Amino acid sequence: MLRVGLLGAGRIGQVHAKNIHLDARSTLVAVSDFVPDAAGALAGRYDAAVRTTEEIIADDTIDAVLIATSTDTHADLIEKAAAAGKAVLCEKPIDLSLERALACQAATRDAKRPIMLGFNRRFDPNFKALKAGFDAGEIGKGELLAVTSFDPAPPPPSYVKVSGGLFRDMAIHDFDVACWIFGAVPERVSAVGASLVDPEIGALGDVDTAVTTLHFADGRIAVIKNSRRAAYGYDQRVELLGSEGLLAVGNVNETTVARALAAGVIGARPEHFFLERYARAYVAEWSGFVAAALGEAEVPVSVTDGVNALAIAEAAAASVKSGAAVAVTG
Amino acid sequence: MLRVGLLGAGRIGQVHAKNIHLDARSTLVAVSDFVPDAAGALAGRYDAAVRTTEEIIADDTIDAVLIATSTDTHADLIEKAAAAGKAVLCEKPIDLSLERALACQAATRDAKRPIMLGFNRRFDPNFKALKAGFDAGEIGKGELLAVTSFDPAPPPPSYVKVSGGLFRDMAIHDFDVACWIFGAVPERVSAVGASLVDPEIGALGDVDTAVTTLHFADGRIAVIKNSRRAAYGYDQRVELLGSEGLLAVGNVNETTVARALAAGVIGARPEHFFLERYARAYVAEWSGFVAAALGEAEVPVSVTDGVNALAIAEAAAASVKSGAAVAVTG
Amino acid sequence: MLRVGLLGAGRIGQVHAKNIHLDARSTLVAVSDFVPDAAGALAGRYDAAVRTTEEIIADDTIDAVLIATSTDTHADLIEKAAAAGKAVLCEKPIDLSLERALACQAATRDAKRPIMLGFNRRFDPNFKALKAGFDAGEIGKGELLAVTSFDPAPPPPSYVKVSGGLFRDMAIHDFDVACWIFGAVPERVSAVGASLVDPEIGALGDVDTAVTTLHFADGRIAVIKNSRRAAYGYDQRVELLGSEGLLAVGNVNETTVARALAAGVIGARPEHFFLERYARAYVAEWSGFVAAALGEAEVPVSVTDGVNALAIAEAAAASVKSGAAVAVTG
Amino acid sequence: MLRVGLLGAGRIGQVHAKNIHLDARSTLVAVSDFVPDAAGALAGRYDAAVRTTEEIIADDTIDAVLIATSTDTHADLIEKAAAAGKAVLCEKPIDLSLERALACQAATRDAKRPIMLGFNRRFDPNFKALKAGFDAGEIGKGELLAVTSFDPAPPPPSYVKVSGGLFRDMAIHDFDVACWIFGAVPERVSAVGASLVDPEIGALGDVDTAVTTLHFADGRIAVIKNSRRAAYGYDQRVELLGSEGLLAVGNVNETTVARALAAGVIGARPEHFFLERYARAYVAEWSGFVAAALGEAEVPVSVTDGVNALAIAEAAAASVKSGAAVAVTG
């Protein structure tokens, strides 16, 4: 039984708390949050204690911590928890600064227990089935990967301001998907972006619509389309063209109901946003972490994976500015 | 080159005239219609002559006639044209009376040239692909066939009055599909019907909504759903369950365009009605007839096929009244 | 908090035990099974006690029992548990005999706490969305309902022998769906069936392939297709034609992955069988029962609903034999 | 009646000859080809004369010419035919050299009769429906356009050698689609390409897999994915994200038949290649040209459209080499 401390009781912390509770091999023992009431409410739901982050990290009876705090605290907490001998599952990204992420990578290189990044797509049953089919040779050699990744609605400017921008905040998931599927890190990145959805996002120096192209050393190409807005909901699709066919992940829809009316045949919308779309992925992500923390399996997403995705994001942001392809330096 | 006389210049006659003209191996030489202007307009379009039906049948330079007149004239014209040595393609049904159809079958048994009934579904590329896949053993032994056949809107009561009723007029196509796919005629038929779409149809003693079940001697079952109204257009689908899988024909849609909107994902409607849905089938039907008339191939739909479908329709109509399964006597 | 005793620790009992455990408002306190080890294993997983069925029913600290025993014990256990003042959720059917089910209905008419039948389809999010759309008037007046319900593979003859036959065992779910969607019980039933899948099923006097047509008093029609075998998995679809359109529930597939290969575009299979397909339905069913047991909501599926579905099954079995439509007497 | 001379009796010339013949308002009067037998065979099929190109252009009784010769002759023939007062429909591209195309544009600026380029996508009913829905405001303001355009199999190296390369030969269609849908020419282009399909293509200095991103002045983005090989057939899809939704054109499949088997649910392949996929588009293209040639409508695809698409292709090819975004200069 893995004894777990949860750092951060916000929206995603609540998802993880439930999954920790439901997993037969883990138990939630403590919760911290800089808003004590939030920690209290969540801890109460699962018979856990409210503690400070420091107390949780210092507690030798706690095996693992799940870091679901704000991004600017991730790297510090990873380092502290690793130093205290904890297994760590940290929400992406490691940090908004590639330099800081690299330092964190260096500092935790010799950690005794697994450190895992929370890239949820890797645990989605559909993405996993595409990856498995590809690895099994169903479409031969991979050539051209295309990711569509649109959010249902843009975040408020206050969020955009601290988000690190579309590439570090949102596209980073898709960059990780590309690296994971191709089993490689691209050499160069070219990107184009614009603020078409919300002028305030543009005023903050960010983009809300972007296309990023990843050039792999052996010629393979990945292209990622991002938008902060899709009126019909969360659009999360992947297509991989190979020498012998194409594998595609379609959206997960709210229902399988179709309405045939005079206006056309109306199918359901995709699941609205990531909490619904990736609900099953969060369960599998946690169980993958538990297996790694218990020493039964390799850690499925490493700090290096987090560094690589961030390096691509940094290159993409630079490419939008320069108009030229930018080398990825991870 | 097959020289063809067309009897009947109405809506379906016009479709056939165009296909006769476009087929490289047939030419439209004469058109008759009880409305001389209709015959004239159509003949003019294709450099054909306007003639009386009698003249066309008597003309030894004409090889084939296409009968696209009103149903009550079909049996007579088939018999006369066959007697005059013409190859004949006649629109379904042979007659509204099974007795009369049987007489026509007897009278034409020794016809020298092919007589073919116009069951268009057999020439639709999708229905043909299902039939071919089934015959090739793709789903093993056939067990349960389901036909969905809904018109977009009910015909006017004036048409219903002379139509012979839903079973003889509309479901007869689906009965033929079942016999064709299974390669057999059912032993018994049970049907239930109601007038739910238009009370005037009920007042005329007809139904506008029906389910017919065909029982084949070896236990196989076919079920046919009919409605005179589908707000979204012409619904023409078939599903065949076999021992090793299921083959399904979906609708042919107006476009492949989908609209993802806040209201859902909206696909195109099915092609609106039979002229659009079966446009390609009419072309293939004609070319199938030409091949038979030129002695290159068996006639693809025989008078016996027409008699069988009518016998099922008669049994279905009787079953709605009696509530019991009715034997098919063809 | 609803304190629950579970009668029966078999496959479906295990599903329910998990859902009782996961629901925040219920707790599993005791399990009985005629195989003590089965009860012990399941009870151990959820910190519940192993008790006899009699002890559970007699225990005043237990609020509710879930009956997941063999069918022949259902009616007795419903009556005993109801007499002991328990809220009851019983797996379908009440009994294989309509007479016995009617007696059970009479005996429990004045039960103080809710008695609910486990018709899982009513709690499936897709079926519920169809029902909600229909009730909201999206397709106008309902006319023609079609249910496709195929199992992936036939049960062993030993099961068929005690199952009550295809209509009472399998189609009964679909009969309930029809009554639930239309909000009415059909007047008459006609059915045709055959043994095409497994000759042993036929040798036992049962059918494995069937089409049942339900005639409602106002002319509406429902048609149900059943087969004990679909090589591609569990096929569970519904289509409802109304005056202004059609509502359809499609299958729930294992993934949203498509493979475009030289052989065609291959989509995922449907979820394999009822435990997967209706996993979410079982969760919602239990939470619906909890709400009823706590007095917050009407019981969503009543004993009368169970009697009606059984009456239809009995009529269908009689119709297969007689070839005539049979009146439903519930 | 438009009297037409056809220059070029190859594969695409044969398609056009048939459509000229079938259109009620045009007639094929002469055919030329540098292989006299090819011209003769085609002319014979439609009662047309075999003539030299020069004779056709000089013949005052011929109203229009259709240029279906090899690419290197296009610009010259456009100029000569225009100078002779003919209406012209020329297969794309105008030339492989942007400079030559610009010269042709200048030389024909004052042509008295319409000159039209054969960009077939604009006449496909599905692409047209997307464009019409977008123009009607169905998805609000356009933001991000994505074109998938894969050929079923790579052309032989001999063709690649004279093709002008993937961008000028194949992607040029997609560049025109982007300009047409957005009603604008992009400012800059970035592209990445590789030879992953056939090393011989790479040896010739060409790519067979590419992603091109078009940057429009107002921030809108179009991204085009090209591959010379898709094992499942011709993949021709478009998706347009707008402020209020997404419009998507799906593939046109060979049939609507699905096979549900143990291996999954298998749908039909897309139509194999352009002759099948765009068969209806060629008919509509010709009828659009006839209307323009008869002075009833604007020319639907102008020489300027051809120049713009070529300018984008040139920029894309340059961007692959430089790694930087390249300005479009048309």
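Each chain carries a letter (A, B, C and D) given by its place in the written order, and its residues are counted from 1.
Definition applied: a contact is a pair of C-beta atoms (placed from the backbone, for glycine too) under 8 Å apart; a residue touches a chain by one contact, two chains touch by 3 or more.
Here the structure is a predicted model, which is why all the values come from computation and not from measurement.
S.K.: Compare the CA centroid of chain B with every other chain's and tell me the farthest one.
M.R.: It is A.
S.K.: If you tally contacting C-beta pairs, which pair wins, A-B or B-D?
M.R.: Counting C-beta pairs in contact, B-D comes out ahead.
S.K.: When the centre of a chain is set as the mean of its C-alpha atoms, what distance in Å lies between chain B and chain D?
M.R.: Between these chains, centre-to-centre, one finds 40 Å.
S.K.: Provide the C-alpha centroid distance between chain A and chain B, rounded to the nearest whole angstrom.
M.R.: 57
S.K.: For chain B, which residues are shared contacts with two or more other chains?
M.R.: 139, 230-232, 235, 244-246, 259-262, 268
S.K.: Under the definition above, what is the set of chain D residues touching chain A in their complex?
M.R.: 139-141, 143-144, 146, 148, 150, 188, 190, 192-197, 209-211, 213, 215, 219-221, 223, 225, 227, 229-232, 235, 239, 241, 243-246, 323-325
S.K.: Can you tell me which positions in chain D touch chain C when the two form their complex?
M.R.: Residue positions touching the partner: 230-232, 235, 253, 259-269.
S.K.: Tell me, which parts of chain A touch chain C in their complex?
M.R.: Against chain C, the touching part of chain A is residues 22, 125-126, 129-130, 133, 138-139, 244-252, 254-262, 268.
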